[in-house]
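Letters A, B, C and D name the chains as they come in the text, with residue numbers starting at 1 for each one.
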Amino acid sequence: MKRTAMRTDLAVEIQELHKVEEKDGFSEEEYSAKGISVSRVKITGEQAALKLSKPIGEYVTVDLGESFSDEETHQNAVEVTSSEISRLLYGEKKTEETVPDVLVVGLGNRQMTSDAVGPVTVDRILVTRHIKNNMPQLYEQLGLNPVSAMSPGVLGQTGIEAFEMVKSVCDAVKPSAVIVIDALASRKMNRLCRTVQISNTGISPGSGVGNRRSEISRETLGVPVISIGIPMVVDAVTLTTDTIEMALEKIKKELSAGNPEIVSAFSAFEEYDGGDIIRNTLSPFDMNLVVTPKDIDRLTEKCAGLLAIALNKALHGGLEEEEIAALLGL
Amino acid sequence: MKRTAMRTDLAVEIQELHKVEEKDGFSEEEYSAKGISVSRVKITGEQAALKLSKPIGEYVTVDLGESFSDEETHQNAVEVTSSEISRLLYGEKKTEETVPDVLVVGLGNRQMTSDAVGPVTVDRILVTRHIKNNMPQLYEQLGLNPVSAMSPGVLGQTGIEAFEMVKSVCDAVKPSAVIVIDALASRKMNRLCRTVQISNTGISPGSGVGNRRSEISRETLGVPVISIGIPMVVDAVTLTTDTIEMALEKIKKELSAGNPEIVSAFSAFEEYDGGDIIRNTLSPFDMNLVVTPKDIDRLTEKCAGLLAIALNKALHGGLEEEEIAALLGL
Amino acid sequence: MKRTAMRTDLAVEIQELHKVEEKDGFSEEEYSAKGISVSRVKITGEQAALKLSKPIGEYVTVDLGESFSDEETHQNAVEVTSSEISRLLYGEKKTEETVPDVLVVGLGNRQMTSDAVGPVTVDRILVTRHIKNNMPQLYEQLGLNPVSAMSPGVLGQTGIEAFEMVKSVCDAVKPSAVIVIDALASRKMNRLCRTVQISNTGISPGSGVGNRRSEISRETLGVPVISIGIPMVVDAVTLTTDTIEMALEKIKKELSAGNPEIVSAFSAFEEYDGGDIIRNTLSPFDMNLVVTPKDIDRLTEKCAGLLAIALNKALHGGLEEEEIAALLGL
Amino acid sequence: MKRTAMRTDLAVEIQELHKVEEKDGFSEEEYSAKGISVSRVKITGEQAALKLSKPIGEYVTVDLGESFSDEETHQNAVEVTSSEISRLLYGEKKTEETVPDVLVVGLGNRQMTSDAVGPVTVDRILVTRHIKNNMPQLYEQLGLNPVSAMSPGVLGQTGIEAFEMVKSVCDAVKPSAVIVIDALASRKMNRLCRTVQISNTGISPGSGVGNRRSEISRETLGVPVISIGIPMVVDAVTLTTDTIEMALEKIKKELSAGNPEIVSAFSAFEEYDGGDIIRNTLSPFDMNLVVTPKDIDRLTEKCAGLLAIALNKALHGGLEEEEIAALLGL
């Protein structure tokens, strides 16, 4: 079947679905550090951006592996995530001058477990901007960086686009960089709650689950925007389409040995765009059904915890993890 | 494809999957009251019980329709649900003597949103057994029935089978009937959070999602057991298998017009047991992936609210809804 | 003892502590509607404002009575609260022209039960501004008013003053009025979760619990600001001072009959400023200890529920309560 | 004033209020380990038991100090708490034979933040009894001890006394020891969320906040019962009485210098039983008002976390903290 039904926010998955080459302005690099696999996808040309429907920029994917059942993996994943955030935030060379005032934004709906990872992460960020203003000596002494945070809520609860809210606060607070955290949709179940995507392209409208509005990016906010996301759901249409495809592949292999008419039947099949039929079959629920791990409540907590430690580390480089925890009262 | 992959707790769905006839000891009756559709499936013979892998007894299914967006439908659904519970609990003729001491049991894991509807319902049940013991005059004056309640938790959190815990408390409290409330799995997405199943067969091990243990029933507890469930999840394998089947049906129709070899390809297909392939494709996640409505958090609250009102009405027939709410402090 | 230790956000309580007269620019009016007692305190003169340390404006106090255990009282309290909100919002004569675009703001810390009533109320407000923008026909057809909402969080969690955040969003969204909802401190335990204060003066810094910052008012936002609050805590110093005073009064009466030296001892006592001693005794906990009802979790839900219904009624006058609930999906 | 109003669950506080001597069968020992102060009160004689209204047995109090803001203190407090639990559970000499099957019971109301520490702790206990039954090899290999757990809820929510529920489950599960965890009331604010009391006397009815029923103890269950509690509230009457007393003491000192009639006034005062007057002043709220830290939500989490780590360590001595966390999926 044709692939018109795919919904994913992950650059690594989009690229699996489309043919894109170096000459289009595309590169991919993989490395493993402390047992944690990382992929860095760079879109540098308009051609690649068009083919992938993704803005020019860098997309880093960190594989969390067994972080939530193995303490050592957890620590390594935190470290790798934190250093990738730092690299995109500060550039390769971090200096006194490159340490920005950061506004951290938790996107998503706090009341919907599968969408809450942004606000829950933000709850655990060590904010310090007010300490700078109100207790400058303590601030100096602790060697803090100015960090502020907000969770703008979702359109259905506020009547205000997240972008509008972030833009107006950004204009008032004047950070030198913005970090947005959001729940993503992935195509593969084995990426759920196991992958962090970090990019310097902001969050583009229309990508992913399709309910994002105006873009939150350097273009619209006027300062660098780093976006961090963890896939929390697989869209039901995508799951079904993918599974059908994989199942058909196996069935075809088993059934068609020496059976030419079946081969031809399957070719007709492959030309067929199954997305609409599946969408109709799932309708009217397709937009509102999600596939999640059973223990999504617990996993949201775990993912937010990991992201918050990695972010606090990246934002408050001078502090030990324990000092941050103590300041947070965690 | 063959239907070996289906997981459902709903009698109405099981029966769609198997051929069962009146002579097997099976009957089905449908009616509509105040715009609420109700189905009453009765398994009276061993043959039907075997074919459906469901114990002998009655299974009532109430279609909640638009109960969570239309106040009038909500009230009607409460009334119908309540009167079906009453009928199974008291028999057709309710007399002073038939009003039992009831122990209400909320099964499932309170920390897992999609499994929490039992405990959350129990939180809203008006319990009165202690009033009878401690304030007999007030008890008499309000015309209460003795109701107690418990949420035994799940095996992974207690190390104790729900059945063991219910059985031992039951032996101590000596109710004359037990009502168990549980989250169910359905096959059809449009039944999610929209259907209540009420039965007098207890909860059988092995039915449904497959993580239930020893049976909670009249046989094991020694008193009548009414079980009430609402489907909160669709199992991912089931969803995929079902969608494939429906999609294939449509594709077949469109593609095979005047195309005999495609017809024959599809016949081979239909003989094929797709369940294993799909399970393998989804593996190792099939047991831990669930398909839920996006707003499962809100819907769990709504479903528990509806069940609690219906149950309180059935258990405390002498009280107005407002009196119950006031006594509950809701 | 002298009254330097009192902390209260309620105008009716401040006025009990200070002598203020009509010629200072002060008036008080009480009425009862449907069994609900209402007090309207008006500060019209600088003199009264100074004496009471409260800005010029109107302060309405609605006594909720037994609203959370009696359904009829609840409905009456909702109606009276709603109509007092309307009066302050629209003026005595509501016309098409006077219906404003309203931004509803939930102040306070969502993670701290005793401070969460603002955000929890906002979660239940029917927001419609985005419907106007995205589905103008539906908006027209339902006869909605444009309402938006936000919960800016608290300084310790965001690093941004609530005022800064509200001001910047207000500048972007350009509502014609703002309603702020907040948890208050009262002096009297019997006002906890039983009183609503509505005023048209905004929220002044330094009043109440003392952790509010820059004023949110017509002066700072440029549009009318209605503030609504419910007392959720009694400050521990205030409780102790008050109880001592009341207890001493009774003890004095009983002990001093025909006992002149005791009378004189008590006079010395009355001149004494006990606040500091009590504060020192409670220190270092005085700022962080609160006296709350045991079931504050439940009462926060109930108070937020009542406020939300009253507000939705005031903001969406054309809709029935059931229609609002359905649109909210509640 | 006389001390009739005091409510406390802490042996160390009760003993401050009453004169009890060695010859009554009473001893107290204090030590400090790793900077953590511990007090061991032993009631060995009937005389002391009567005077203190506390059953014969040992009461250990661990001072948690700055455990929630200093990581090292936290670890030391966990270790000391864990080893005191072990000592009371296993005796001074722990052998293979003394390792019991333990049932851990979380008392209190999960929905009331200030009462929830028991159930929240139980949620984090590593239960293993079912692993022994269902996966004996894994159980053997990990070197686990059989642990089960339950949270029986409170009378108002279940209609069943916690004791009844625990007793019946205990009869079925047949543990060789029971550990009960509960929220306590203390008299001193600086003990709130900073003190753990561990005793081998079970939980006696009538002690503490006064809403406990039938005793959960070795006498009633037939196996050793260790009770663990953390003070989460100060009763409002107690706080007020205590503060008045302390404040009066200071006032008296300052006012009465060379003022004999004031001295005599105060003596009259001291003979006076202020409890009733204060209770009347606070009435009808005295039973339902509690004094808690503002951030009780966060502190309940922290206290439950600390207790769970200490308990898991005591119950699963062979496992590292990380192994326990991994098995728990935390």
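By definition in this document, contacts are C-beta pairs under 8 Å (C-beta built on N, C-alpha and C of every residue); 3 or more make two chains touch, one makes a residue touch a chain.
Values in this document were obtained by computation on a predicted structure and should not be read as measured data.
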item: Chain whose Cα centroid lies at the greatest distance from that of chain B; value: C
item: Pair joined by the larger number of C-beta contacts - B-C, C-D; value: C-D
item: Whole-Å separation of chain centres (CA-atom averages), chain B against chain D; value: 40
item: Separation of mean Cα positions, chain C and chain B [Å, integer]; value: 44
item: Computed distance of Cα centres, chain D from chain C, in Å; value: 37
item: Numbers and ranges of chain C residues touching at least 2 other chains; value: 111, 295, 298
item: In the complex with chain B, residue positions of chain C that touch it; value: 68-71, 295, 298, 322, 325-326, 329
item: Complex contact set, residues of chain D against chain C; value: 111-115, 189-190, 192, 236, 239-240, 243-244, 246-247, 250-251, 255, 259, 261-262, 264-266, 268-269, 272, 274, 277-278, 281-282, 285, 288-298
item: Touch list for chain B against partner chain D, complex; value: 111, 122-123, 127-131, 146-153, 155-161, 164-165, 167-169, 171-173
